[in-house]
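Note that the chains take the letters A, B, C and D in the order they are written out, and that residue 1 is the start of every chain.
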Amino acid sequence: MQNWIGLLPAFPLAGFLLLVLSRGRMTKTVAGIIGAGSVGLSFLLAVMISIEFLNSGAQPFSKTLWMWMQVGGLDTGFTFFLDGLTLVMILIISGVGFLIHLYSTGFMADDPGFARFFSYMNLFVASMLVLVLADNLILLYLGWEGVGLCSYLLIGFWYDNPANGYAARKAFVVTRVGDTSMAIGLFLLFSQLGTLNIQEILLLAPTQWSTGSAVAVAASALLLGGAVGKSAQLPLQTWLPDAMAGPTPISALIHAATMVTAGVYLIARTHILFELAPSVQLIVAFVGLATLLMAGFTALMQRDIKRILAYSTISQIGYMFLALGVGAWSAAVFHLLTHAFFKALLFLAAGTVILSLHHEHDIFKMGAMRRRLPVSFWCFIVGSAALTALPFTSGFYSKDAILLAALDHPSYGMLLWVGGVLGAFMTALYSFRLVFVVFFGKSHYEQRDTQQHDDHGAVVENTSPAMFFPLLILAILSLFGGLISVPVDAVFANGALHEEAHASQFLHALMILIPILGVMISWLLYGSLSYEKAGAHLRKQLLVSPLGGLLNRFWFSGWGMDKLYQTLLVQPFLALAQVNRKDIVDLVFNSLSYVARFANSALVLTQTGNMRWYAISLVAGLVIVIGLGVWR
Amino acid sequence: MIFLFYTAAIVALIATIAVIVSTNVVHALVYLIISLLSVAVIFFALGAPFAAMLEAIVYAGAIMVLFLFVMMMLNLGQATQDEEKAWMQPRLWIGPGTLVALLLAQLTSVLFTQDVAISPVEVGVLDISVLLFGPWLLAVELASMLLLAGLVAAYHLAKK
Amino acid sequence: MESIPYEHGLILAAILFVCGLVGVLTRRNIVFVLMSLEIMLNACGLAFVVASSRWQHAEGQVMFLMILTLAAAEVAVGLGLIIQMYRRFHTVDISVLNEMKG
Amino acid sequence: MIVLILVATLFVGGAIAWASEALDARMPRVVALLSLLVSAVLLLVFSLNSGPDVGSPGGQWWILASWSWIPRFGIALLVGVDGLSLLLLLLTIFLGLIALGAAWDEIKERVGFFYFNLLWTIAGVVGVFTALDLFLFFFFWEVMLIPMYLIIAIWGHENRAYAAMKFFLYTQVSGLFLLMAILSMSYLHYVQFARFSFDYFDLQNIALVGSLQTWIMLGFFVGFATKLPIFGLHSWLPDAHSQAPTAGSVLLAGVLLKTGAYGLIRFAVPLFPEASDSFSSVAMTIAALGILYCAKVAFAQQDIKRLIAYTSVSHMGFVLLGIYAWNLYGLQGAVMTMLAHGLSSAALFMLAGGLQSRFHTRDMRQLNGLWAKLPMLSAMALFFSVAAVGMPGLGNFIGEFLSLLGAFQSNPVATIFAALGLVLAAVYSLWVIQKVLHGSLQVPNEYSNAADLSLVEILCYALMALGLVWMGMYPQSFLDVSEASLLYLQSLSGGAA
């Protein structure tokens, strides 16, 4: 079965080709079956492969499909590599991917671009599978760019609206900055080690580089650049909130469960390089910490249901980076897994809410949806609980592991831990703010254009099996996913899950209690029956105070990063482009022709057409020439 | 012979200057003929009787007659003569005059580096003919071609 | 037999040439210009004949013959042009012909 | 022999095409098609049935043949085909067919003369890629330019006279430098070996020292770099491309630019190894500068063909970078970029030409949201733009990646700057996609009923797309062909420059 590993990305790729070549002539049923079915087949194959893999003692396995390019010392195959880490990733991608595809058949049912949607989705799944299966960095880069492209296409899926196009371009260009850094990292690795095969690099690097050597630092920093871009960490996080312009299933699949975690995967995959560069690893931890706090604060101020979830995603990936930074590789992967479940669940549930409310995104225009949208409500409760890491949900186990690992960090343990716990508190605050505002309190929902849409205007929850089933499965996984053990210990020599806690009982208890405290405060501010009175009053007090207002605006705008980049990079670039539209180099050469033309118009004056003038000039020339000869 | 040379030279000079300053075309032509004839005399004095003959017959005879015919055809009257007088302004002569004086100075300064006297020994028709029909045959043919071309061109140009 | 200084002959030729040149440069009547050209050609011929006497060689006179031919052809064509010009412009003023102005 | 037949087929085909216009206005294109097909078949049969001749210099020449021409000056009809030439020949004939497809319905006046020029340009390019006698090379160099000048000047768009003159002046002046360099090489051969020679293999033996080598190398460099073009000498290209008819743009971008790169690889570097070595840092800096600068200027354009033209210059920067890295990675990267860019830019120009013929404008401000109207054309535009961005899995990525990989080993700083070009490429490509394909539909009213792709167009695009996928997914089949040539060329310069 493992020999068929090449079929994993081949199924969705075939689905993509079929959908593209049919040029939209398929019925939606057929397109849906091909789109979702191909990923489903991949998932089945992935399950069979993993059974075989685990039964055979988790031996890493690689298979070369064909020789890609072989130039001098560069020897790159289309080779897939399978170990515990890859296994977790392919199961997430194909499994969660399949569920989201299934959900999309319901969600997108009325969209005219149905087949196009599924073709992009299939291409995405194929690229993502190639990314995680790649045994060399070039192939990984192929998947890496492929998912970026699909992300671009899907964010801008509703292309009528230029804002969507802007968001899509922003996503692609910002991640491309990271990608370029990663590509340079590849060049550096190759020029130093002479190979781009990941396993060979991991073997060679420790033998050739000493810990903390400049090359190791440069290489891992460049790879980190790629990871930061893809995973929307500081300072390249600005694209992800805008990426919510795409259809909600996209946000669930690409911008929550899979693609954005590719950075985490990359660092985990090349973890030996990062171990060789402790300074960079520390940067990873602090990038994670800064990002999770920044995103946590920002999420608290957002009004758009999807942007809240987007910032929450950035924040959770921040946790994963934190884990990577402190060397808790397994914890990071574990959190990646649980996050995929609960964040996909939250996005899909949000999608249901949005669909039911006719594409209303503003949470303050919802309210009291508990009765009207029971399925979404319960999904949100489960998902938020897991996100907040309430005890015994899946998120609890993974976040717990991360925080304990952070505490173990030799020099900055306490700082990282406190930051992480503060982040957990913020997480509780904003995620339950979302729940309380949307599902409790009074309804603020106004049906738009009720006259025109008599039968469409009502708030009716779509609970077709295609949409209900994925939610159910994901809810179950979000609750109990913490019991899964990720088979990655063989991959990471050190940094396995910390079985025994080194933290004191007090700290451990604090860690568990803080999120609950967060939920309670959130209830006070947004959820209690006095929400309309006391909570609102309190919030108003906070906002009216100068500092509060400033912070509100600052956090709402995502800490002003967008504005910063706009002024520092985008506007100068545009201005420069505007100024130099005509290409200044051209002017240089054209000036030559101006000189020639000027000389011409000067010399033309000598051409009077008067014969005697010509004769005189002739004689004058003669006199001069003879004079030169005679009176030298 | 020396006397003949210098006399003819003075006549030629005077006649030539008269040509370029006269306002009447026909008068100028007559002066030109005188100038050409005196040059023919100089040729004779230099011992080139064949050249002198040709100068007198072809230049002063044929070519100048051609000129005369054309002048008669054009029939330039008194008006032209007045016009000529009007054009004949001294300041027009300053520029060309200086240039030409310079040129003359240059030429004389080159020529006076020579110091050879010519003893006019007659070079007869025979010598010339030997050369013309010997080494210069091709040039003669070319000259005939040139004349032919001139004939055709003149015919076409003068046609209405 | 007395001899004529070589340079005297050449200087005569030069003076005649220069006179012709002055005529070409100053006169506006094309007939005079043509006549001046004839003077110049004739001066050249004179120089050749002088040289022929100086070296006592007939080739100078052969050259004079060539110049003579040239002058004949030139006069024929030149007069033809004058006739054309007079027909077209009703003038013999050479300044009128300035269409080649740049 | 095959080379002569190939060139003769194209020359004669061109002449017949011109003559056949007298019979019927549709005849020339059929004749052109036939002669190109014959060439294509010949070349394919040859490349499938033949291989490197072990006995030839370096053991890598597939063909090496010589006929006497002007022996007094050591000029011979010396032609040679090796892996590098063969790949470029295949590209040339293939794009010749594509250009024919682009011209098929577009050219309506003086049809015969057009196809005559088209075929003669292609013949010139074939000659350039095969000639090993530098005199013959220069002969073909001129043969390919003049018909192209006519194509721009006669069948071009609104500002064609200016563009054609600019093209002509740039290429002629740079050709003068090239000619002077070639003649001085020949003269030096005379000085050192007592006979003139333009023979590639003879000229390798000349001992060149110091600044003389640098000057002659610069002559070659300027000649080829203008054609490539490099940053600073590029300003003929946007005008020529934007004013040329579609077929002209396709040939210009797809093939003619590659002759410059070919010249650099074949002559400029191997003949002057030391000078090129010390020059390489300058060349690579120019390359990086060009990549960034032209990408930025491209972004500012409103004329869609000018935009693509600037992106061409930007991409040729990667070729220059790869060549002057002068290691196997860089060279293979340069060759792959040449091939892939040949296809992708040809396709993009064809798309722009398609838009022009449908909407009679190339101004992006007047074209919006075409996806709704022309889904197939838009999908193709998306595909080829994505290819131009350097998406892995398509040919351009392989080329750019290898170029940069090779360049990094000899000049990391320039490479890092050049790599930033990847970001800018994304910026301008996506901008075009957004402007033209996405958004709400807006086209000039009078042409709002434009049709989607015709059958000929679909065929052309599909072939090019397949080619790009092939190059991207299995580049080995191309890398294998060119490897021996590149190793041989490297050995000429003493292994490394």
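One rule holds in what follows: a contact is a pair of C-beta atoms (placed from the backbone, for glycine too) under 8 Å apart; a residue touches a chain by one contact, two chains touch by 3 or more.
None of these values were measured; they are calculated from a predicted model.
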item	value
From chain D, the most remote chain by mean C-alpha position	B
Chain pair with the higher count of C-beta pairs in contact (B-C, A-C)	B-C
Gap in Å, rounded to a whole number, between the CA centres of chain C and chain A	95
Chain centre separation (chain B, chain C; CA means) in Å	6
Distance between the centres, which are taken as Cα means, of chain B and chain A, whole angstrom	100
Interchain centroid distance [CA atoms averaged], chain A/chain D, Å	38
Contacts with 2+ other chains: residues of chain B	95-96, 99-100, 103
Contacts with two or more other chains, residues of chain D listed in rising order	none
Contacts with two or more other chains, residues of chain C listed in rising order	21, 25-26, 28
Pairwise chain contacts, counting only pairs that touch as defined	A-B, A-C, A-D, B-C
List of chain A residues in touch with chain C within their complex	603-612, 615-616, 619
Of chain D, residues touching chain A in the complex	231-232, 234-235, 238, 296-297, 299-302, 310, 327-329, 332, 369, 371, 375-376, 379, 386, 391-393, 397-398, 401-402, 404-405, 408-409, 412, 415-416, 419-420, 422-423, 426-427, 430-431, 434, 437-440, 473-476, 479, 483
Interfacial residue positions of chain C with respect to chain A in the complex	21, 24-26, 28, 94-95, 97-102
In the complex, chain A residues that touch chain B	616, 619-620, 622-623, 626-627, 630
Chain C-touching residues of chain B, taken from the complex the two chains share	1-2, 5, 9, 12-13, 16-17, 19-20, 25, 28-29, 32, 35-36, 39, 42-43, 45-48, 50-51, 54-55, 58-59, 62-63, 66-67, 70-71, 73-74, 76, 80, 83-84, 87, 92-93, 95-97, 99-101, 103-104, 107-108, 111-112, 114-121, 123, 127-128, 130-132, 136, 139, 143, 146-147, 149-151, 153-158, 160
